[in-house]
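First, the structure itself, so that you have it in front of you.
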Amino acid sequence: MRSSVIVFPGSNCDRDIAMALEKLQFKNQMVWHKETKLPKSDLIVIPGGFSYGDYLRSGAIAGKSLIINEVIKSANSGCLILGICNGFQILTETGLLKGTLLRNKNLKFINKDIYINVMNNKTNFSNKYKKNQVLKINIAHNEGNYFTDSKHLDELKKENLIVFKYCDEKGNINENSNPNGSLENIAGILNKKKNILGMMPHPERMVEEIISNKDGVNLFSSLLN
Amino acid sequence: MKLILVKQYHLNLKKNKLKFSVTVTLKKDVLDPQGKVVQNTLLNMGIDSLQNIRQGKYFEIEIDENDDLFAKKKVDDMCKKLLVNLIIEDYKINQIK
Amino acid sequence: MKLILVKQYHLNLKKNKLKFSVTVTLKKDVLDPQGKVVQNTLLNMGIDSLQNIRQGKYFEIEIDENDDLFAKKKVDDMCKKLLVNLIIEDYKINQIK
Amino acid sequence: MKITDKIIEKHGLKIEEFENIKKLLKREPNLLELGIFSAMWNEHCSYKSSKIHLKKLPIKGKQVIQGPGENAGVIDVGDDDAIIFKIESHNHPSYIEPYQGAATGVGGILRDVFTMGARPIALLNSIHFGSPKHSKTKSLLNGVVSGIGGYGNCIGIPTVAGETKFNETYNENILVNAMAVGHAKKDKIFYSKAKGLNKSVVYVGSKTGRDGIHGASMASAEFDENSDEKKPTVQVGDPFTEKLLMEACLELMKDNSIISIQDMGAAGLTSSSVEMASKGNLGIEIELDKVPCREENMTPYEMMLSESQERMLIILEDGKEQEAKKIFDKWDLDFVVIGKTTKTNNLTLKYNNKIEGEIPIDALSSKAPIYNRKWIKKKPSKKQINLKDLKKIKIEDALIKILSSPNHSNKSWITNQYDQSVMCDTVQKSGSDAAIIRIHNKDKAIAVSVDSSANYCKSHPITGGKQIVSENWRNLVTVGAKPLAITNCLNFGNPENEEIMGEFAECLEGIKEACEYLDYPVVSGNVSFYNGTNNKNIHPTPVIGGVGLIKKLNKPLDHKFKNENNILLLIGKTFGHLEQSCFLKENFSIDEGMPPEINLLNEKNNGETLLKLIDKNLILSSHDISSGGLITALSEMSISSGCGAKIQKPKKLMNLLKYFFGEDQARYVVEINANNLSKVENILKDNDIYYDNIGYTQEEYLEIEGELKISTKDLFKINNEWYNSY
């Protein structure tokens, strides 16, 4: 499977995601944001980091870059797109995903291992997980507080577009297990066509036992499935 | 009759809700990394008549006081004590009428 | 004589520098964690007549255009295309004279 | 402009120093030249009060590739790998504007490390605040922590370790020390020494503004009560630009086009150009019109003294300009040839084709003043604390007091604000004795830790100096790393005060002795004097940052208890030294007497033997014993694991408070599998190590036979409350 990782000035998880993809046998390429053509890819990843310093609003400026037009085109033709952390923020700024990511409720940057619950395992991105499997996974963000209007929220629920929700070790989804104030504990969502996933947690940080755990591996192997 | 009286009494006691806006900007000479990036992006987007853009903060404050001047003083207090970083920022208070 | 002419010519060509301010605030129904924290802090600091405070962004924009209306249109463009996230934010443009 | 006494004073120069300048120049300097002298001759850049003492530090060892004298120190970690690291202070700016002060502190130290060709792989910090009750402490703490995080998180380098302390002595003068650690290939290290004539001197990075003009002088001046009002132009950090600058520099470094490279830190363009020229024994000519400026009408004086961040100076090989410029264009950074190297041995500054200033380089470097300041020895305190004179206290109450105190509370409120995992090589995050960072794509790792003990240093500087080096060494040992070398940040008061100068000289003596004995050389560092207000000086606070090597990375060793029914050994001898202990300070507000004695022989022997045990996979968890003594160490092992322990009372007759809270040095608690006991004991005996079998791990409760029983959950709560309710 061919993957492309888009690199913006200020991206800083680009190397990490590339390592994870290569570990799992993706044929990966890095694509600099000023490029106007995307290499042929089955998966496009928009990595985490602080594109353009998070200035103005996180993701806003990257959302206006040249390469984004190509990403949008690919998305419309069905290519799989994965946005992690800042990548999720960029996807909402481009409109590929609806809603937005507000400041964390406690107004602080949060870096922690937290738990997420796999709400939907019938997606390109999660088919190797069990439904309601609990994953321990790292978050690191200032703006991860997902918000959307009630109409869209209804749609997310009805169409089963919420893939991950924050939970506790046992899988309980409630206010106490919500690290950043996200609407209904949402940690990751799909677009209506289900080819785009945006998520705040970092699966690429969870692919090696010695560093953390391997809870992120199945996200990538789902894509290979 | 009684009702009306009570209402008036209440009105007298009730302070006014005064409304202020505060704009906070970086002092001249202080590096504005954010403004720089935004400006470049707008220029790249083809808005070439843009000369300069500076970004700051904005507050809308409602306060329960009678006296305009006193209220403004209070807002000034908030600015000095919390809202503004006087080392690198300037601010302006405006009453919204 | 020549000099003056050139100068005038230049003046004619030269557009005006028009100045606008833009204030961006979160929409009413959007949770404003920052505003809430600021409000609580101010209340804790004893400023008890404070009724409400909302935080937003502020931009000061200088633009090289002749026509007020056209310039305002351009500023509006910038807001829609970049400065404002219309899903969660409202904005107001004011010309600074 | 006539240089008056007032102007001289404003530049932080003494009249004698000005006379000296005139002699060196053989004329009166103009204002630009005076500004340059003041920047280069101030304490921060010239090390005029510290130099003769720093010379005594051991800086050699077969692990050392580059000792002090460059932007950062470089050590050999085997194969073709080198580790480059340094610590630096940003105390004064952080007190004035905590967010930006701390942020630019991180930015500055990162540049020192990537200037040398290293990709930064870890950030550490040591931060000291005043009493939590002091009106400013809370906002300073908030600002500093978010500033450190703001910069490191944005640039994408994990902040993995540090220390946070509170003490009244820092009420008006906080300390913010930042350390950066980077990795490079041994044959790809870049130095600042200029070479060759007529080479292009290139300015890269951000534009120059009027930031922090005279920041370097500010760092060398005492505060007075007006400094709140002074509002100097503070530097604002731009981590985004730094990220671009870092990537651009590392990209350029892949090629062979750089002769020398130097970041613009304190005293900006001045110190960077002078340093490069002076090391290369050359002159340098700068055309100031070419310097990229952010503001209009900047004067040569402002350009030379600006401390705008995120800038570098590079000397390029002939004909490499085009290629190099392409890289910086790609990253949207300025790249301008602003001058050249010359044979004049002068710093020559031109503006509009006119020479605005010309100073012999050596007048700014080797001929800068060096002072052998007077100092007095500290008299050892005779004070002994007799427990019988104090109010009776239960072990449990004393322990709770310690665990819930600001200094001993769990720091996750802070560390959760730092991205510790980015780069995916963080094997062990903060919370243990040392953090562990894997060398990318290899199966080896380094361990890093920063440490200080201001109370010990205040009460007896030589002992204190030895102690911090030893404690830092121990912290690396406990995670199974062989300690290799240190960097140090020496935060002291006013060196013109003989007592303070004595603290400095004697702390250094202690550091020297310990480093020599432990083969733990100093490869880089920084001195920060004038930490104080109105003649109230801070306690001497040298901070040690150490790096150790884990040759073969297995499961990382930490201090979490692993399982029930494992045996706990206490390595090292317990005497029950309570003077200067946290027990007396937290419970009785007593801070008199001598710090615990350092026996370097035991220190080395105990540590090296523990390393052998770890090597043989015999240790399940280990923790060094420091502030708070044995029971505090055991509590920390319980809290982090949720597993408890049952501890026996000492067999020898010793006061229990002394036994459990004493801060005797060179001690460790280790957890071992009962089946391995005899193996471990044999090794300990073979190496003449004193040890006690003190008990075993058990479910849920930390317990001392008949004295204390407290659940790990409660301990956790006690240890985690303070920050969250502050």
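Labels for the chains are A, B, C and D, by order of writing; each one numbers its residues from 1.
As a working rule, a contact is a pair of C-beta atoms (placed from the backbone, for glycine too) under 8 Å apart; a residue touches a chain by one contact, two chains touch by 3 or more.
Note that the structure is a prediction, hence the values are computed from the model and not measured.
S.K.: Between A-B and A-D, flag the pair that has more C-beta pairs in contact.
M.R.: Top pair by contacting C-beta pairs is A-D.
S.K.: State, to the nearest whole Å, the distance from the C-alpha centre of chain C to the C-alpha centre of chain D.
M.R.: 43
S.K.: In whole angstrom, how far does the Cα centroid of chain A sit from the Cα centroid of chain D?
M.R.: Once rounded, the distance between the two centres reads 36 Å.
S.K.: Taking each chain's centre as the mean of its CA atoms, how far is chain B from chain C in angstrom?
M.R.: Comparing mean C-alpha positions, chain C is 13 Å from chain B.
S.K.: Which residues does chain C have that touch at least 2 chains other than itself?
M.R.: Chain C, residues with two or more chain partners: 81-83.
S.K.: Quick check: what residues of chain A touch more than one other chain, meaning two or more?
M.R.: Residue numbers touching two or more other chains: 52-53, 55-56, 61, 64.
S.K.: Which chain D residues reach two or more other chains?
M.R.: 238, 240-241, 332
S.K.: How is the touch graph of the chains shaped: line, ring, star, complete or other?
M.R.: The chain contacts form none of line, ring, star or complete graph.
S.K.: Residues of chain A touching chain C in their complex?
M.R.: Listed in rising order, the residues of chain A that touch chain C are 56-57, 60-61, 64, 93, 98-100, 102-107, 145, 147, 149, 181.
S.K.: Enumerate the contact residues on chain A facing chain D in the complex.
M.R.: Those residues of chain A that touch chain D are 9-10, 12-13, 15-16, 19-20, 34, 48-50, 52-55, 108-112, 138, 140, 142, 202, 204-205, 208, 210-212.
S.K.: Residues of chain B touching chain A in their complex?
M.R.: Within the complex, chain B contacts chain A at residues 33-34, 37-38, 41, 44-45, 55.
S.K.: Taking the complex as given, what residues does chain B use to touch chain D?
M.R.: It is residues 29-33, 37, 40, 85-88 of chain B that touch chain D.
S.K.: Of all residues in chain B, which touch chain C in the complex?
M.R.: Within the complex, chain B touches chain C at residues 15, 17, 21, 23-25, 38, 41-42, 45, 47, 49-65, 71, 74, 77-78, 81-83.
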